[in-house]
Amino acid sequence: MNDFVNVGMIGYKFMGKAHSNAYRALPMFLPDVPKPRMTAICGRDEQAVRAAGQQFGWDSVETDWRALIARSDIDLVDINAPSDAHKEIALAAAAAGKHIFCEKPLALNLSDSREMLAAAQQAGVKHMVGFNYRFAPAVRLAKKLIEEGRLGRIYHFRGLFLQDWIMDPDFPLVWRLRKEVAGSGSLGDLGAHTIDLARYLVGEFDEVVGMTETFIKERPMPTEMTGLTAKGSADGPRGEVTVDDAAMFMARFDNGALGTFEATRFANGHRSTNFFEINGSKGSVRFDFERMNELEVYFSDDAEDVQGFRRVLATDAAHDYMHAWWPAGHTIGYEHTVTHEVHELMRAIAEDRQPVPNFSDGVKCQAVLEAVERSAAEKRWVSLREFDS
Amino acid sequence: MNDFVNVGMIGYKFMGKAHSNAYRALPMFLPDVPKPRMTAICGRDEQAVRAAGQQFGWDSVETDWRALIARSDIDLVDINAPSDAHKEIALAAAAAGKHIFCEKPLALNLSDSREMLAAAQQAGVKHMVGFNYRFAPAVRLAKKLIEEGRLGRIYHFRGLFLQDWIMDPDFPLVWRLRKEVAGSGSLGDLGAHTIDLARYLVGEFDEVVGMTETFIKERPMPTEMTGLTAKGSADGPRGEVTVDDAAMFMARFDNGALGTFEATRFANGHRSTNFFEINGSKGSVRFDFERMNELEVYFSDDAEDVQGFRRVLATDAAHDYMHAWWPAGHTIGYEHTVTHEVHELMRAIAEDRQPVPNFSDGVKCQAVLEAVERSAAEKRWVSLREFDS
Amino acid sequence: MNDFVNVGMIGYKFMGKAHSNAYRALPMFLPDVPKPRMTAICGRDEQAVRAAGQQFGWDSVETDWRALIARSDIDLVDINAPSDAHKEIALAAAAAGKHIFCEKPLALNLSDSREMLAAAQQAGVKHMVGFNYRFAPAVRLAKKLIEEGRLGRIYHFRGLFLQDWIMDPDFPLVWRLRKEVAGSGSLGDLGAHTIDLARYLVGEFDEVVGMTETFIKERPMPTEMTGLTAKGSADGPRGEVTVDDAAMFMARFDNGALGTFEATRFANGHRSTNFFEINGSKGSVRFDFERMNELEVYFSDDAEDVQGFRRVLATDAAHDYMHAWWPAGHTIGYEHTVTHEVHELMRAIAEDRQPVPNFSDGVKCQAVLEAVERSAAEKRWVSLREFDS
Amino acid sequence: MNDFVNVGMIGYKFMGKAHSNAYRALPMFLPDVPKPRMTAICGRDEQAVRAAGQQFGWDSVETDWRALIARSDIDLVDINAPSDAHKEIALAAAAAGKHIFCEKPLALNLSDSREMLAAAQQAGVKHMVGFNYRFAPAVRLAKKLIEEGRLGRIYHFRGLFLQDWIMDPDFPLVWRLRKEVAGSGSLGDLGAHTIDLARYLVGEFDEVVGMTETFIKERPMPTEMTGLTAKGSADGPRGEVTVDDAAMFMARFDNGALGTFEATRFANGHRSTNFFEINGSKGSVRFDFERMNELEVYFSDDAEDVQGFRRVLATDAAHDYMHAWWPAGHTIGYEHTVTHEVHELMRAIAEDRQPVPNFSDGVKCQAVLEAVERSAAEKRWVSLREFDS
């Protein structure tokens, strides 16, 4: 086993920053795995990527991702560029025998994501997909309770991912609102996370029925875009919004559980409510990412006079990953989920096994997304069997 | 205008008790309407109804509802017997020219409920249906905010009605679990309330797609039933559960808003979570019946550094009905929603207008229920147009 | 045992209304005790008391409380007139051999309250003091957990009673702000309740140190007072506020526990936050009257991965008094605490024992209030031993 | 202005780790200030400090703090060793002309802390004290609202710092429970933070009255201590606990506001509840560190039908420091408060001004702590004037 993994990262915006932070934090807080070396960062805008590279602490800069992949000192290619670039880069990285860490959604469609999985499998490299919410300690606790049977048979999953950042009709037409770049809107951006959590906690999907909506059909063309923000003139030219503002669907799981899902960017007051609740025959759990250190837990076998949802603050050493951080009661934040995720990736490389979640999870998530889209388009229930390869 | 309304009530269990309490409370707390006279209570079990009549304060007792309706000293017939009895009684009451206050669901199916509405209209009597949750002051506040345009254009409604009282597989096969008596399960019992709140707050339904499930297919036959509780032997004979344990559906409203709905009796830890959230272009509201004195309210035009959901305790005199009760900060409970409901009924009689909600609302709710059932049975979207009469 | 108790009530404002409601509700909801007969209501303003008597359902009216007490058809005298009238009426009622139900605070000072207790004891009548918050089912649950040892040794009590109804400096000088009528301000009005809850749940006080403050020293004289509201002219004459706006104190209990207390009418945003938390060696409980159906409960022997405060909704039949009301999950409100209180009074009369809390509790509470006042005046710790009689 | 500040840090446990993280994070997330160079880390146990130095990323190691201070390549001395070492190190650092960043409490007593302040002032170096909770964005928001007058005149401050980590009577006698090393118990460890927040938000103290208690008088001697945890044998020798388990006090502020304070390690269920509430004439705020991204805010001039505490999620770019981190709705954790604190230190060095809070704040906090201790010992109110130098 090597002590180091040399990373080449493509992308340097929101997720690039979160990944960089994880690579920096790992050796200090979770040093039991190979140390990621921040070898090279890559982006098309040389000035911008050079600034990011310096700020985030990367050793070198590339402006051509093919050059990055070609470098012999790169072990792992980290892809957090916009979604439409994922596939081509991943295929090239696999062909070059590099491990791959790709942000979600894995690709713009199911077919592409399958191609990526096949390529990674054929190349025998490690592959991971960035479903970071699995790595919140409170979510790990939910998983543990379910796996140990402490919630019993699962009857219900209800998941919400609610945001409100594009409710202003004059918010400009950024790339996330264009299908050719983003693949889909709230469904792929937000719903994909909820689908992954449902698969992780409840199991595989059987069939779905969904609907999508674009409330604001046209928006001003952006005149300026910097990172995550953008400006546009309300009086200037407008373009068509080609993704969904909101998506919701119902599902049956293979194990008989029922699920409801909603992803929207039009839920006023919700900055980033990533919520789920699971009801089982012996108990229930409830999670809201805005209070990510907490899991609400109910057990029906508690004494009858003191039954109620417990607010478990998952910051004790008894909870996954928390030994690495601060004393009990001292909370962690969003970025820690990414750090934990990278820890799993490094550990998997060290143990010569696939990390979890990997491209296979990305493909299965994409199949559900595609089933929902087909269902919404054709206004009918769609079985996941339709997508068996 | 008469000072009194003579009431004859059929049924004396949970809802009969709540209605009786309302009739008793009205003259003391909301005396600006005709006083309901508790003239006669009716039930088949003479001993039981006599005991209830004495305990609740009714002046006389009947054991045949036809006799009750025939009495000349009855102005208003209050129907809270099991659902399968609603129609016949209501038709007879209308024929006798009596006003009618009928519990929800109005009938076992849409056709019956239309017949009831037509009969009441033809007879020219007042008719009301018991959707009591409209009368929580916090819900009235939500209505007011929407009507005054303070939430803007409505994008989303999400409603839940979650209970857990039949999760034990050995809980017996009570009448609420038999289709021929109850009509449906969680859908009609719980979902009907949420549908009514959605209609009240958002507007009429356009189309729905739904699914239902019965998790526990067989249950012990009840050996004893007293009011709301029942006993059965786990080792004894079992019968088939013929209603849904859980029902969920999605909807489009006529005004373009999207809705998600879930009603279940299998949500462990939820004794009676009657929840809704509404997101509009200017703000949002959130309600949970377990904290019925509160409405959470968000306005997107609050100063940008202090935006957040407010927890409004709707107990000030500024809120509907609260002048009648206690000083600010002193909460009210479930039964008060029924008292407010009866106040609307008495006021409508005094003002010679139909109360709201009335049988027309009952019919429209029933149409949505039937659309959901058809959708679940046929696994397709169902338009409310299919039920145009 | 008699089937009835004939009640004569003096006072007809906020508390008179709450007591009347309790007398009306008891036979219907908690019929296992003698039925209170609403024989006579008494007040000085004949027109007003006659209106109240009719609205609340009293059989007759008196305008002279001595005449009321003299009536042979009165078994129980209910005193909810302003505090400065309590003593004289109670002494007369005791002398006439009537049972007494007196609102808190029992009297304007400790000496008077002792005189009242002695008179009641000498007369051999039943006596009760109106500490109604003991009768919230969630508070009963806290008591039960402590009595059963489930919280272990008690270390901490922290109690708050926060209101905000006189924060406007132009709110007029109502009688509650004048020492000669009210005895004290927030201390006696609000703090008295918290002291009683602390005594009920933790035990007797050993010593206290306190401070009081009057933030607004002068207020407009009231030009109009109706029930609980009042009007005054900001430009008109002003008078001196002679009671405390806020009072806070610390205490040691006989059993070694420590307590902190705060009562204020200047806590913006708090309509009526009656809060306490108790920490013991095995667990903790937390109560807030604005969510009076809930008790938060923590046990340190829960499994280490699921420790947390549980939100117990005390509406199940397993909780005191709740069998009388509605199904699980259906909440009750403020007035129910008074109804439960009256149930205890009727049961005590039937069982020929003193109700709890009685005048003895009123005296002990008054001793603590007086110790706090002395402490605030003399700026020193004051032992309850100083008040041993 | 230099681009770098060379840091020498003494101590490497909990706070040393938090400080190290801050030095590492600053250049990436808040790069507008001089970059801290992690030049040398110092501790007595060479093996342990060498391991920490490597893990945290320090360039070199010292085992004698005098040697560290003597190094010419050190600009800033960071003191997070146990409290009894603060004074000697700080005096030496000042004498050597080094800037000083010292953890709280500044010293074991007021006299020592004054000596430290004087030395730093005389040497003309920058000095900062580690009251990190000031740097939570939600706390900054509270400060901003008060400074802008949006809460009006302040009436009440109530602060709690509740923990439960030593409730087990067999938890061993660690150094934090010995007065000669720690100075005091919960008062200095937890209460000091609350005092600082009160000074920051409300103003200077006028007088206090307090009490302290040690519930468990003797504990097992520790047989093993590793970082923050320790082991001891319940059957082995025991030693006396010489600090307080709990401390509470009341205060008057110079501006007339009233305060209540409680610090305890015996509040079962509270891992680290650092709570305060402030009530002013125009509004209120409420903060709980376990939900550190939130501030509850109330304004009494909100429309009367929608008044209520708002839950403000202080993660928008409108809130201090949040532009540095993630998109709105993505929370931060405990360590970020320390990173923000170090940012203030670096900025102050760059701007050649004293950082806030500095040793002067440490001294003023220590005066309040000493006043509380004197008050508890002498059972009387103690004016801060008694401590005027």
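Couple of notes before you dig in:
So that you can tell them apart, the chains are marked A, B, C and D in the order they are listed, and the count of residues begins at 1 in each.
One rule holds for everything that comes next: a residue touches a chain if its C-beta (ideal position, glycine included) is under 8 Å from a C-beta of that chain, and two chains touch if they have at least 3 such contacts.
All values reported here derive from a predicted model rather than from experimental measurement.
The minimum number of touch steps linking chain A to chain C comes to 1.
Most remote chain with respect to chain B, judged by CA-atom centres, is D. Centre-to-centre, using mean CA coordinates, chain B is 54 Å away from chain D. Mean C-alpha position of chain A lies 36 Å from that of chain D. One finds 41 Å separating the Cα centroids of chain A and chain B.
Touching of two or more other chains is recorded for residues 270, 307-309, 313, 316 of chain D. Listing the residues of chain B that touch chain A in their complex gives 155-156, 158, 160, 162, 164, 167, 209-211, 213, 215, 246, 248-250, 252, 256, 258, 260, 262, 264, 266-270, 279-284, 298, 300, 307-309, 379-381.
Within the complex, the chain B residues that touch chain D are 141, 144-145, 297, 299, 302, 304-313, 316, 318-319.
By the touch rule above, chain D contacts chain A in their complex via residues 14, 18, 20-21, 24-25, 27-28, 31, 55-57, 163, 165, 228, 270-273, 289-293, 313, 315-316, 325-336.
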